[in-house]
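So that you can tell them apart, the chains are marked A, B and C in the order they are listed, and the count of residues begins at 1 in each.
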Amino acid sequence: MNETTVWQVKTIAQRAQEALPDSVWLSAGYIALGLVGAGAFVALLGMVLIYAERKIAAHFQCRMGPMRVGWHGILQSIADTLKLLLKEDIVPENADKLLHLIAPFLCLLGALLTIAVLPMSPTLQVADVNIGVLYISAVSGLGVLGLLVAGWSSNNKWSLIGAMRAGAQIVSYELSATLALLVVVLLSGTLQLSKIVESQAQGWWIWRAHGVGIVSFIIFLIASVAEINRTPFDIAEGESELTAGFHTEYSGMRFAFFFLAEFINMFIVSAVCSTLFLGGWMPFHIGNLAGFNGIMDLIPPGLWFAGKTSFIIFLIMWFRWTFPRLRVDQLMKLEWKLLLPIGFVNLFAAAVIVLYNLYFFPK
Amino acid sequence: MGLVTEKLPIFLEPVPGGSVLLASMDKLINWARLNSLWPLTFGTSCCAIEVMMATGAPKHDIARFGAEVARPSPRQADVLVIAGTIVKRMAPTLRTLYEQMAEPRYVIATGSCAISGGPFVYGSYSTVRGADEIIPVDVYVPGCPPRPEGYFYGLLTLQKMIREGETLRHPGVRRKPVLAELPPGITMEDIRRDLVHLLEKEARVDLREAENATAESTERLLRSGNSSSLIRSTRD
Amino acid sequence: MTMQTPTKPAKKPVGPIRGFFKGISSLLKGMGVTFKYFVHPSTVVTQQYPENRETLKMPDRARIRLSMPHDENGYHKCTGCHICEDACPNRSITVVDRKNATTKRQEIDHFIWRMDSCTFCNLCVVVCPFTALKMHGDFENSVYDRRLLIYNLNRYAGPAAPALAKIEDPEERKRNIDERGVYSGLIPMNGSAIAGVRACGKPPESEKVRVTEDDIKGESP
C-alpha cells in the first residue's frame, strides 16, 4: 500500500452545515457562494468553450477561426453574447406560451444541477450527495425534458419531429451510459463521487480495471456524445436536416440558453467521464516511484481535473470535426444492436472480476 | 428591441451626461452586433457557391469575421445574404423569411441577379428584377458572382453601416454612411440635387407601398403580371 | 456479337467481426488525418483579406470590373461604334454618341455601363474592334444604393486616341474634348430615362447632360 499524500475532502455544503450552529449568516453565505459560484462558472465556461470550439474546429480544418474581434478573436464570445442579449424576442403565435418560456431553462437546469456535485478538487465541490452517480443519471433527464418541451411548444411540425428524434436518441443512449457507469460503481463499491475519486488513489479505473475499464470508458464516451446531441449524433439539430430542429422557433437570449446548454452538457459529460474513469482530481501515480509521485503531487489537484476534462472535451470536438453525421436509423442500430449488448457483457465481466477478486493491481 | 434595451433609453436619458453614456452604449452595442453577424443560409443559385460556401472554406475564411455560424432558422440569423436569383415563385418565401427574422436584421444582396435580375433582366418571364423589389436591402455587392474578397468588402461595408448608422436614441432607424470617398467628379450636392429631381419628377417609387408590402400584397403584385410597381422597369 | 465485359472475381463480403475492427481502424485513421492538420500550423491556407490588402493581386484575366483604359495622355480608344452595346446580352451597356462639330464624324459622348446587371461575360471586350475595353480585378465595389452601380466609363467625350493623335495642336485637342464624370447626368434608376440616353422604348426627352437649377425648379425636361 503506497500512501503518499492524504487528501482532505471538504465540500461547500459541509462547510455550510458546520457553520450553521455558529452563525446562520455564515452558513447562508456559503450556500449563496455555492449557488452564485456555480452560475458564474457555467456562464464563463460557456463563453470559453464556445470560443475554444470555434478555434479548434478551425485548426482542424486548415484555417484560423475568429481573428478580428480582439487579439486572435478572444472577444468573439463576448460579442456573440451581447448580440444575442439584444435581439428581438419572438414567440410564435399559436405556441404554448408557458412551455415555450420554460423549455430553455429546463435544459440549462439539468446542466446546472449536475455541476453541483462534481468534485473538482478536494476542497472544491458544492455538495457531496451519497448517491452521486444515481443523481447525475437522474438529473440529466431534465435535459431531455427541455428538448421535448421545446419541440412541442413551438407549434411547428418540424420542430416536433426533431424533438422526438432527439428524445428517442437520448433515452436510448442513457441505457448504455448507465451500464458503463455501473461498471465503475461495481469496482469502487460506492455511488458517492468523492469516494469514487478517492478509490482511484492507487490507479485510475481506466487501467486498473484492465479490459473492462477501457471498454466501459469507450462505451461511456460514445453514449455521452450521443446524449448531448453532438456530431456525429446530432441528427436532431443538424443544420441541414430539420432547419434547426427543436430550437427553430427560438431567438435571442432563449436560443443562447440552448446553445449554452449544449456546451455545458459537453463539459459535464467530460467531467463525469474524467471523474469516474480518469481519476477526477487524483494525480497520476506509478506504483512505488516515490520521487515521480511526489512531483505529480506538486501539481494542484484542481489542475489535474481541469486537464483531464479538457482532454476529453478536446476528444469530443475532435469527433465532431472528423466524422460525418449518422442517420437516425444508423444511430438507433448502433445503440440497440452494438453498444447495449457489449455493455451487458462488460457488466457481467466486471461482476465476475469483483466477485472473484481478479484484480491486476492490488486493491 | 430586445430583452434588455427596451427599458434603457427611458432610464438613461434624464441622467446628466446621459448622452455620453448613450454614445458609449451605442459603440458597445454596435460593436457587438457587427462582430457577430450570423448569416441565414439562403443560397438560391451560383452565388451560393462563391459567396456562401467559398467564404466558409479555409482559403477565404469568413470565421475570421465571426460570421461562420450560419443558422438555418431565420429566427436566429442576423443577416440575410441573398445569394442567387430570386424567381417569382420564390419571392413570397423570401418575404416570409425576411419577416420571420428577429430585429435587428440586415440584408446583403450579392450578385447581379439579386441586385437587378442580372442575366435575366431583359426579357425573362420568371425572374424578379432585383431582391429590393421584395425586401429592403442594405448593401449591394456587385459581381457575377462576386469574389469572396469582394463579398468580404461588402461585409465590411455592412459593418461600417452598423457602426456609424445606428443609435439607441432612434431604434429601428438606419442611416447609411457615405462610403470612404465619393467617386471622382461628383459631390454630395450633386447627389442630393439629382435625387430631389429624380424623386419629384421621374422616379415612381411609392415609399408607402414599399413599407406596407406584405407577403400577400407582394404575391398579388407578382401574379398581376407587372414585374414591379415599386420601381418601374422598362426592360421587360 | 455481344461485347464481352471483363468480369472481376466476386469479392467476399467482410464478416461482422472483421467489419467491426475495420470500421474502428477507419475511424482512427480519419482522426489521425484531422490531428495532423491540427498540429501542423503550416497547413493553414487562409488568406486574411483586409490585412493582406497591400499585397493582394487578382489574376490577370480576372473579370471583376469593366473599364475603358485611358493612356498616359488621358485618351481612350472608343469611337462610339455601338458594337459592344449590340453584343451585350442584357443591355448592360448604353453608348451615347454625338457628332463632332469639326470633323462631322461620330464620337463617343457617354459610355454607360450598368454594373448592377452586368454578368461579366466579356463579350463586349472580345468584340470591340478597337480594344477599347478591359476587365480588371478591382473587387471593392459594394454600395448602399444600387443606383451608384451605374457608371460612366469614359473620362471625356470626344474622338478616340488615334484620331486625337492626328491633331498636332494641344489647344485644338482640348477643344475637341468635354470632360465626363463617373456618374453622368442624373443618377439613374432602373431603366428609366437618363438624360440624353434613350430608355428602352421611350423617346429621349432632352439632350441635356447635367441637371441645372432650372431643371429642378422648372418644368420637366
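Keep this in mind: contacts are C-beta pairs under 8 Å (C-beta built on N, C-alpha and C of every residue); 3 or more make two chains touch, one makes a residue touch a chain.
Owing to the predicted nature of the structure, the values given are computational and were not obtained by experimental measurement.
When every chain is reduced to the mean of its CA atoms, the largest separation from chain A belongs to C.
The pair of chains sharing the greatest count of C-beta contacts is B-C. Innermost chain of the displayed assembly, by C-alpha centre distance to the whole-protein C-alpha centre, is B. Chain centres here are Cα means. That of chain A falls 54 Å from that of chain C. Between chain B and chain C, the centres computed from C-alpha atoms are 22 Å apart. Rounded to a whole number, the gap between the C-alpha centres of chain A and chain B is 41 angstrom.
The set of chain A residues that touch two or more partner chains comprises 61-64, 67-68. Chain contacts: chain B has residues 58-59, 61, 64 touching two or more partner chains.
Counting partners per residue, chain C has 44-46, 48, 50 as the residues that reach two or more other chains.
Listed in rising order, the residues of chain C touching chain B in the complex are 44-50, 56, 58, 62, 64, 89-91, 114-120, 139-146, 148-149, 180-183, 186-187, 189-193, 199-202, 211, 215-216, 220.
Interface residues of chain A, counted against chain C in their complex, comprise 56, 59-64, 67-68, 318-319, 321-323. Listed in rising order, the residues of chain C touching chain A in the complex are 27, 30-31, 33-35, 37-38, 41, 43-46, 48, 50. The touching residues of chain B, counted against chain C in their complex, run 58-61, 64, 112, 115-122, 129-130, 132, 137-144, 146-150, 152-154, 156-157, 161, 176-177, 179, 183-186, 190-191, 193-198, 200-203, 205, 231-235.
Of all residues in chain B, those touching chain A in their complex are 1-5, 28-29, 31-33, 35-36, 41, 57-59, 61, 63-66, 68, 70-73, 75-76, 78, 100, 102-104.
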